[in-house]
Amino acid sequence: MVKLFEYMGKELFARYGVPVPAGKMVTGADEAAAVAAETGAPVVIKSQILSGKRGKGGGIKFADNPAEAREQAGGLLGTSVQGLPVEMLLVEEKLQIDHEFYLAITIDGAAKRPVLIASAQGGMDIEDVPAEYIIKEHIDIYLGIQPYLARDISRRLGLSGQLAREMQRLLPLLYRIFREKDAELVEINPLVQSGEKLVAADAKVTIDDDALYRQKDLPYVDERTPAERQAHALGLSYVQLDGNIAVMANGAGITMGTLDIIQHYGGRPANFLDAGGGTGMEATAKALEILLSTNPRVILINIFGGITRCDDVAAAFAKVKQERGIPVPVVIRLVGTNEEEGVRILRDNGIEAYQVMHEAAAKAVELARS
Amino acid sequence: MVKLFEYMGKELFARYGVPVPAGKMVTGADEAAAVAAETGAPVVIKSQILSGKRGKGGGIKFADNPAEAREQAGGLLGTSVQGLPVEMLLVEEKLQIDHEFYLAITIDGAAKRPVLIASAQGGMDIEDVPAEYIIKEHIDIYLGIQPYLARDISRRLGLSGQLAREMQRLLPLLYRIFREKDAELVEINPLVQSGEKLVAADAKVTIDDDALYRQKDLPYVDERTPAERQAHALGLSYVQLDGNIAVMANGAGITMGTLDIIQHYGGRPANFLDAGGGTGMEATAKALEILLSTNPRVILINIFGGITRCDDVAAAFAKVKQERGIPVPVVIRLVGTNEEEGVRILRDNGIEAYQVMHEAAAKAVELARS
Amino acid sequence: MVAIIIDEKTNVIVQGVTGNQGLFHTRQMLAYGTRVVGGVSPGKGGREAAGVPVYDTVNAAVEAHQVDASVLFIPAPFAKDAALEAIDAGIKVVVIVTEHIPVHDELEIVAFARRRGTIVIGPNTFGIVSSGRCKIGIPPNQFFVPGHIGVVARSGTLTYEIVGNLTANGLGQSTVIGLGGDRVVGLSFVDVLEKFEKDPETRAVVLVGEIGGNAEEDAARFIKKMRKPVVAYIAGKSAPPGKRMGHAGAIIERGKGTFEGKVQALTAAGARVAVLPFEVPALIKEALG
Amino acid sequence: MVAIIIDEKTNVIVQGVTGNQGLFHTRQMLAYGTRVVGGVSPGKGGREAAGVPVYDTVNAAVEAHQVDASVLFIPAPFAKDAALEAIDAGIKVVVIVTEHIPVHDELEIVAFARRRGTIVIGPNTFGIVSSGRCKIGIPPNQFFVPGHIGVVARSGTLTYEIVGNLTANGLGQSTVIGLGGDRVVGLSFVDVLEKFEKDPETRAVVLVGEIGGNAEEDAARFIKKMRKPVVAYIAGKSAPPGKRMGHAGAIIERGKGTFEGKVQALTAAGARVAVLPFEVPALIKEALG
């Protein structure tokens, strides 16, 4: 899942014909003043960070004229809001707000269908809106949002006349963005009623990272750490944590389970690293290098071979050990496909493999303490 | 159902990326020579008429150089092929023909689905190809032609390698044309294998006339007579026939039935005119004028009122009679919705309505004989 | 339910109730005794039309009433959307009177109905009449009287003609169904013949066909297996080949869909075929002994 | 069939049989005793791979063999097409091992499977094992032995771990199913629990869940009604919120899908919840008395 900054989401909306406020992303205070002069004041100045509570965190300011815009922008840039650095601002016209709606399309995993979520109580976190004010409508993937469905959603939102027509135009566009851009979430909160118009005052878009290969034109924010990025390039799942026991296992579930056991025995995992179902020698070796790059106290490798073959893992380990040396203690648990050969290779390299997962974990915790 | 001339179909194909021979439509002999010079000889010169048997009728010629192209084009233009006037020619490169395939997508009314028809025995009328050489595949309208289906069709056509890939590229394009252009038929016969390429050597495309309102950019051939055109503009179904009893009824089935009864009694209908289910006064009056314009011996009106109201039809008849006079005998059968009022209006205008359909038809046949 | 598809308890809504045709036929249906519980007309919710409440969307109508069937008086360009709306709202019988709907739209309507198990009657149909109990569609009220003859037809007015003849000859109808005159419609002859064969109320069936397509030939294969007698009339004996006779489906192409082929198939299957429409009642009486 | 979904008579084809993974696991499946009757690899029809005939398309394989199940070893960008191909060819069980399939493709696969009544296992699954009879997928052969414990899981290797523990403790398995680790997969816990509850061979069920989503909470509602005992293990107790732990579905968002919530729901429903994976066999024995 990758995210788009608000300004990226709004640029996407605009390309599809979803109305957004006039405005522009800026990285400097003078630029902010120029945009304010261009769109006409008053303007709103919004920190471009990936956090939902920018307003409360002081990340959103208003300005009545270009000079004020320069001042406010200068005050925001370089600061930190909700712990995130403010490097970009979206400067845009301040809307007249007659009402605020909520609209989103996302995926309902249990129903295995897209779901449209709408509310006439917009402007706040949807989690805080009482259920009776929330419309949830599953979308038939073969039909999408047909005109009749858009009419019915408008009706249930209490709209009529020109506003209903605007909503009926908007809903299918939102769904097109969702489908064509491989989105996991397309959210407008608030969707502002401004006179007879509906305008997307915010934009939250997240994209399925498994589909990025076919969404090459789409800009997005890369929130990953360098190690996470490197792991991803190798087809590995890596999440950095704050402990000192580096963990590598094969499979998301067993990796989580390994972390859980470490914690259960009082240890602190340094990371989540799922080497995947079918990891070959080379990827295993690279995974080891990533683990080493974080300077852990101990490395725990937990392999239950299925697609992954124990001999490949053992050979990769041996290769890394021989080529660059491994300066920290390593505990390896190795069972499954080609187990005997793997255990033999490890033994040749001076390591006795464990058979039982929690025994290996306990050992790793013990070593990290010493 | 409206049809496209071959050159129109090929222009459509080209826009979608379906390969067609290099060439151009011309209306003069010099122009034909110029196209031959441009595409490079030898060329084929094809009469643009809506008939399947142009070759046998002498409507297709070959030329080895521009001068010959001029001569052949001159010889075709202004003549008549299969009874149809030749006003346009398609001049195009003569293909190297290594094999001929047949491809079509149409609608299977019984299955209520689109159907793909393909054969490795192309180049002849598909009706003449033995059933075991014909592939028929119904298309799921929610999936269209997915890559796997295109692969399977290629396999069943015996294709492999580059030709299989060409076919797999082509099939989804053909389906897109079919769906996006509201086609009733998209046919390529023959689809020529020329080395490692597949080229559409002919193009037969027919479009649903009920969808023309949303296919405004599509050129097509209007085969209708002026009376048919006029009737269509009024929302009436009109087919010109060669008898002398003009017929108007309301509903396609009952109109056919009326013609059948006339024929059964030895009469000859002048036309089929279905005034439709919900014909109002004005359309009925116009329909009468169309009937009169063909100078029949007798007019037979057969109304069984459902949506159509008998009083409307009677009033329309009275209006036409009063305003412009009706110079031929008229037999009217009138039952159904608002029958009493309709019969009264006719009586006021000196006409006694029939109650029974075949009695009215018998009377009309008798009058046409006298 | 003793009847097929609809009966006197069927609750009906009218989509396009505020248009001329919708209004007129809502009144006619109410006069016939049909339980029309509401109408739909976007932007006109809250009003009344022909004495029934109007809703903005089908969902709104379904929230307010038990709805068993819907009938569409919607212009062709918007008919697909209205039909999908009715099907999606879970209504199990959708009658589409509208003619000239693009055939690609009809493909989409029928595909969706199939997925949801909805019966679509039409497009381009007069509708369905459960004689004396419920009429959904546009046939004139006075000709349909209760009885034991099932009628299934592709064309409208011709059916009224034949039903009128039946009634005049003392032969009432159980149910009369118009499949619709288009190439792609929701029900086939066979779908309806199956229901008539099982319906205890129906003693004999009249099939009103026409040239074009192969629906009558398909029907013939089923008629061969039927226990109840079938009388058929086929329109279009005099039609020239290659010309579309009003209905989108009524065209003889490349020697297929001819009058002679259909009559032959039906006769071989044991159906009695009337040469002229008015002969149908006599053939029915003969068949019933 | 005494087992669920597959048994020793299930004929299997392998899509992507000529790739590295396809070839390796076809051999493994054959070694386990699975009836692999053929493979599919476009452009490679007519060859052999791992001793089974290769076809260009699924249809070609289905023309040559009775095929009951297919397993996909197809790269993610082409997996949707291959899955639709298998479903369209009428194969009733489709196992999708591939991981990283775009979720919108998964929506399309699952929608089509639902229309055709096809069981989709995965995507991103280890597959399904009917112990001692048939293995479709990638688990190592040696840990699966026949018995009476049904296992249903979201994750792969963790399941081998637990199955290995069961086997080491003398508890064989009836059927072991991996739902798949993605947000959108073909089967839910409830789908499988229903089958285990009815399966005469299964005496107790192990549910291997993980944080994220609400699949375990849905399962808990069904477990409440089950007569057979259920032991659950949930991975991810130590996972921080907002981070996706490998599986697309394994993420705690806005306080939903937490370890605590799942354990509470399962416990309230009467399931025994293991704190560590190796505790599962003891809890099963306790449950079976």
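Remarks
Letters A, B, C and D mark the chains as written, and numbering starts fresh at 1 in each.
Basically, a residue touches a chain if its C-beta (ideal position, glycine included) is under 8 Å from a C-beta of that chain, and two chains touch if they have at least 3 such contacts.
Note that this is a predicted model, so its numbers are computed, not measured.
Common partners of chain A and chain D, by the touch rule above, are absent. Seen from the C-alpha centroid of chain C, the farthest chain centroid is that of A.
Remark: chain A and chain B have CA centroids separated by 56 Å (rounded to whole angstrom). Taking each chain's centre as the mean of its C-alpha atoms, chain B lies 27 Å from chain C.
Look at where the CA atoms of chain C average out and do the same for chain D: the two points lie 48 Å apart. Taken residue by residue, chain A touches two or more other chains at 142, whereas all remaining positions touch fewer. Shared contact sites, meaning residues of chain C that touch two or more other chains, fall at 115.
The touch graph of these protein chains is a ring, one cycle where each chain has exactly two neighbours.
All chain pairs that touch, listed by label, are A-C, A-D, B-C, B-D. Per the touch definition, chain C reaches chain B in the complex via residues 21, 24-25, 76-77, 97, 99-105, 107-108, 110-111, 114, 126, 138-140, 143, 153-161, 164, 181, 183-185, 188, 208, 210-211, 213-215, 218, 233, 235-240, 243-250, 254, 275-278. For chain B in complex with chain D, the touching residues are 140, 142-143, 146-149, 151-152, 155, 160-161, 164.
Listing the residues of chain B that touch chain C in their complex gives 1, 107, 109-110, 112-114, 127, 141-142, 179, 182, 184, 208, 210-211, 213-214, 237, 239, 241, 249-257, 259-264, 269, 272, 274, 276-278, 304-307, 335-337, 356-358. The touching residues of chain D, counted against chain B in their complex, run 42-43, 45, 56-60, 81-82, 84-85, 88, 112, 115.
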